[in-house]
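Naming follows writing order (A, B, C and D), and every chain is counted from residue 1.
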Amino acid sequence: MPINKEFKPKIVAFCCNWCSYAGADLAGSSRLAYPADVKIIKVPCSCRVNPMFILRAFEKGADGVIMCGCHPGDCHYSTGNYYARRRMTLLFSMLDYMGVENGRTRVEWVSAAEGVKFSTTMNEFVEKIYSLGENVRLGDLRCKK
Amino acid sequence: MQKIVERAKELLADGTVNRVLGWKKGDMCFNPEPAFFETAEDLDENFVYGGFCGANLSKYMIDASKLEGKTLVLLKPCDTYSFNQLINEHRVDREKAYIIGVGCKGKLNIETIKQSGVKGILNITENGDMLNIETLYGNTEMKYSDALLERCHVCKGKEHKIYDELIGESQDTSDRERFAEVEKIEKMSPEEKFAFFQKELSKCIRCNACRNVCPACSCRKCVFDSTKFDSSQKANTDSFEEKMFHIIRAFHVAGRCTDCGECSRVCPQGIPLHLFNRKFIKDINEFYGEYQAGADVDAKGPLTEYTFGDCEPSIVKERG
Amino acid sequence: MSTVNKAELIKEISGVNPLKCMKCGKCSASCPSFNEMDIKPHQFVSYVVNGDIEALVNSASLTKCLSCFACIERCPRDVKPAKLIDAARQLVIRQKGETMLSPNEIPELLDPETPQQLLVSAFRRYRR
Amino acid sequence: MQRIGVFVCHCGSNIAATVDVKKVVEMVKTEPGVIHAEDYQYMCSEAGQAKIIEAVKEHKLNGLVVCSCSPRMHEATFRKCAERAGINPYMVEIANIREHCSWIHKDMDEATEKAVILARAAIAKVNLNAPLQAGESGVVKRALVIGGGIAGIQTALDIADAGFPVDIVEKEPSIGGRMSQLDKTFPTLDCSACILTPKMVEAAAHPNITIHTYSEVENVSGFVGNFTVEIRKKARSIDMDKCTGCGLCQEKCPMKKTPSEFNRGLGNRSAIYTPFAQAIPNVPVIDRNACLKFKTGKCGICSTVCAAGAIDYTQVDTMVTEKYGAIVVATGFDMIKLDKYDEYAYSQSKDVITSLELERVMNAAGPTKGHLERLSDGKAPKEIVFIQCVGSRCADGRGKGYCSKICCMYTAKHAMLIRDKYPDVNVTVFYIDVRTPGKNFDEFYRRAVENYGVNYVKGQVGKVIPQPDGKLLVQGVDLIDNKQILKEADMVVLAAAIEPNPDVRKIATMLTASIDNDNFLTEAHAKLRPVESPTAGIFLSGVCQGPKDIPETVAQAGAAAVKAIGLLAKDKLMTNPCTAKSDELLCNGCSKCANVCPYGAISYEVKEINDHGIRETRRVAQVNNALCQGCGACTVACPSGAMDLQGFSNRQIIAEVDAICR
């Protein structure tokens, strides 16, 4: 895949405190590299992620947004990720409906034990964003022109 | 209409209700507006009920619930879904409402009439299945069923979901597939989809009419007016903001929207806003089972519920 | 080709990570041709790790392995010695610049001692 | 605007080797709100903390950003440090520039740039932080122990001895667990029952201990210090107060062909039964699936013979609801199923058995009365082969990836006991490694080899082939000799891997305790908090946390008890201040938040609100801070944004998003 050297994507990853943030920590302590384009924001639970945050990230120029939470059934708060799953399904469906490439959004369930999964997920996601290129559809078009 | 006025007067006179929530004549025949009536004289003089009385009055009951005594409210079949949803959300007080379910044979869209080429409209009268239209340039006529609002083509049925008494006959005017328009967009390529919505949404002037008329969008203070999200209301400064506003607006009413179509009816720019709400309704039906907001007063709502086996968000990708 | 490259090639062809081996010997314990082999199945791994591909390629084990896959089936670490020996065979085939054997050449080459299963297995694996 | 100090840690070379910390300090100095920035070798050290405190005093800081390791590591340290410096501990944010940056990136420029952005996000957040005060909640002075094996019994005894009431919930009809099935214990070879039964009796007699056997935890609600647990006491069909434990009913029961769970299915029991003779309580249960009375309505012999009139066929399950301050999980383990290991012929031959089955065979109260014999024909074996690591250390998806830890030692024990009692029996052990870390463990293993002549072969078994004459042909390898071995054996014993009790996942879900992919409960910190679950108030005892032998289990059980006692000894707990908070002026009263709250922490109140001069009676949401755990589900369900989460507010998260996307 040809990689545009100029393009440095901005990628926001929302990670729940209990599983995915710990999974990211594990990826770190296992030295499992993934591109520096990914920046993690810690939230207590995936159910804390408001669609507003995701749209805000796109508005401010993010090229991809990924949300990670505990696996369904393993939520620290028992049910949070079930609500998050419905919310994100509907939001992503809407973005797709509006013509936003559906590769720019992703939800992945990563447990605290899955450092490897965290790292591979991020690598895949970044690669996907590189292949999609800069987010021209959602960003602040008028300011950039 | 006369029957409604007579009954309203009786209920006012015997003290059952303190006021009547209905429609009053507008400056033109095609723009009656919601109004409270407190006297028999006011009713006789200003009350109107006809094909152009599309406004859904249930939202006004939020304020009316805070007033002294009961309010007589006139609800069309589809309006009763909104009223139920408001009861579900503790926004209206059932005890404060006396509901007369009024008959409806579909409501008219003046824009449709104008778009058919009729200009200089002076008056429109209903005559059975036909509309007699007086214009500056002479008289013409049009089939009633050709001038219906979009929502009436996908009518939810003639049954009132909640009422104290019924006056008048209703009919089911549905003659189109409810999700046909949504499906059409879903089949487009991402570029076409984007172009379609970009074109529609760039018309938005953020007048907030869609929000203010929506019976589900009834927050005391909208998030776009508050400081809670650093998104306080202002004109759109970038091309994304209108999208964000409309996505969030639709998301906030997802699972609560009864598909009453008021947003599209009132939009001064003619943006088909119901396409957002209906997309969420379609997804909810497909992913989590058929759900009609307002059909059941005690329903929990699809976004505050879950099942262990819900589909994953990646379904959006897999579905293509 | 250097020995390092050959070892890498074997890993690539086989898709096996020999470092996963915990040296339990279950492969050799399962092997029906164990006694015929000069390099035993559990040793394949260390030959690849140490880069001694020449010895592996020239060993009798190359022809004695039946490709019965018992070691693949039972390996607890997913190391799959038979895949390594198979990769060594591929290496030989590729070196000779041939990728296939015509069925007509077989009767001539046939050694009556060759086990039937090896033949069947070879056809299964190398026909194109 | 806050007055923020930024402190960048080198973490020795962990961070400084890949992140230019000096540059990070320079870059963040111009961020809004930043008054002071510095770097130091080890921020978490006493000297590093002293620097922070000094800077707070000198620059009158009221917010701190520490760029260091994961907040999961040292957030608490720096919050305490802030407190010592006289500022609110919740005015501290951590930028994780080690796990999320220096450790995963190699390029220095790239890593430095990312570190700066992460620091900016943390600074943006602190700019919107508000001081938070932890609330207080009470502690119910009672503990629950789930599981009545040696781990549960030991934990319960220790807590009870400290003066707190404890309830044990055990799903089997008797306490005792796995240890009660064992014959002898390593490395001293004392009889398992001889050391376990006194503890069982002690637990039963302890005034502070209540034992619920034949019971299961059905539902758990509440939080640390104040759990409410529903326990289902399954219908025993026996009146526990009346039963004298005479055993006549079991003797007379006509349904004696039910496989005994206690004997691992190698022997039979009656339909009315106690699992074993020393069962506690010594009150039988009726297995309703096996009982003739329940199946056909005809029988009732037990009722006829019971002089005490204790048999009650009409009993139904009863629910007990009790409040607890602490819960200890001690659910133990079982052997894995061997259906994926066809090569060992476990399902084909009765003479291929697991080690736990061998324990029953060797036990005087077991199916063979302690005589070592082949289960197929009752003949005395002459050749026995032990196979190690069956399903342990497997990366192929058939077994478990971990080492089961106890197998090396118990196999040495079995081999030694057999050679001691039956010197004419040859014993061969196929091993991959012999792992004997533990006091007197290696000496024990060497004794088996040197004094008892057990034949240890380095290598694995590839296949066990049952022969027509009933013998078992074992095909293995000796890796030292580089020879394949074909050996005829009379018995093969498999050291099957152990796995956590399958019920534990259900229990973990109820407790909201985290659990790993192998179904072991996760500890709060692998090294420093090994007996606590990350979920406050939940403690881990025994094998539910990881494979352990008996001495380790007992040690951990004691440690879990001490942690639980430490909690129960407190009168008040500080609650998490990062709870949801509703803005009454914005609240619609729509109940969406209450619908999604997993803790029932949101209630509604109808009260008079003064909304900018308009006085109105409104229905508004109220959050109970003691119940709220701060997940934030309500904040997204709330359409008006009235519900917000303290410490993770909408504006804070948006500020972070903005800082990252800048």
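Just so it is clear, a residue touches a chain if its C-beta (ideal position, glycine included) is under 8 Å from a C-beta of that chain, and two chains touch if they have at least 3 such contacts.
Just so you know, these numbers come straight off a predicted model, no measurement behind them.
J.: Treat touching chains as neighbours and tell me the shortest step distance from subunit B to subunit C.
T.: Minimum number of steps from subunit B to subunit C: 2.
J.: When I count C-beta pairs in contact, which pair ends up with more: B-D or A-B?
T.: Result of the comparison of B-D and A-B: A-B.
J.: Measuring from the mean C-alpha position of subunit B to the mean C-alpha position of subunit D, what distance in angstrom results?
T.: Centres of subunit B and subunit D (C-alpha means) sit 54 Å apart.
J.: Centre to centre, by mean C-alpha position, how many angstrom separate subunit A and subunit B?
T.: For subunit A versus subunit B, the centre distance works out to 36 Å.
J.: Between subunit A and subunit D, what is the separation of their C-alpha centroids in Å?
T.: 30
J.: Roughly how many whole angstrom separate the Cα centroids of subunit A and subunit C?
T.: 44
J.: Two-or-more-chain contact residues of subunit C, please, as numbers and ranges.
T.: Within subunit C, no residue touches at least two other chains.
J.: Can you tell me which residues of subunit D touch two or more of the remaining chains?
T.: 596, 637, 650, 654
J.: Specify, in ascending order, the residues of subunit A that touch 2 or more different other chains.
T.: Subunit A, residues with two or more chain partners: 51-52, 56, 73, 79, 83, 87.
J.: Chain pairs in touch?
T.: Touching chain pairs, listed by label, are A-B, A-D, B-D, C-D.
J.: What residues on subunit B touch subunit A, complex-wise?
T.: Touching subunit A from subunit B are residues 182, 185-186, 188, 190-198, 223, 229, 231, 237-241, 243-244, 247-248, 250-251, 254, 276, 279-280, 283-284, 287-288, 302-304, 306-308, 310-317.
J.: Could you please specify the touching residues of subunit A with respect to subunit B in the complex?
T.: Within the complex, subunit A touches subunit B at residues 51-52, 55-56, 58-59, 72-73, 79, 82-83, 85-103, 105-107, 137-143.
J.: Where on subunit A does subunit D make contact in their complex?
T.: Going by the criterion above, the answer is residues 10, 12, 18-19, 21-22, 24-25, 27-29, 31-34, 36, 39-45, 47-53, 56-57, 60-62, 70, 73-80, 83, 87, 111-114, 119.
J.: Considering only the defined contacts, which subunit D positions touch subunit A in the complex?
T.: 70-72, 96, 98-101, 103-107, 110-111, 113-114, 117-118, 121, 509, 512, 514-517, 522, 534-535, 578, 596, 598-599, 629-633, 635-637, 645, 648, 650, 653-654, 656-658, 660-662
J.: Taking the touch rule as given, give the residues of subunit C at its contact with subunit D in the complex, in rising order.
T.: My answer: residues 20, 22-31, 34-35, 40, 42, 70, 73-78.
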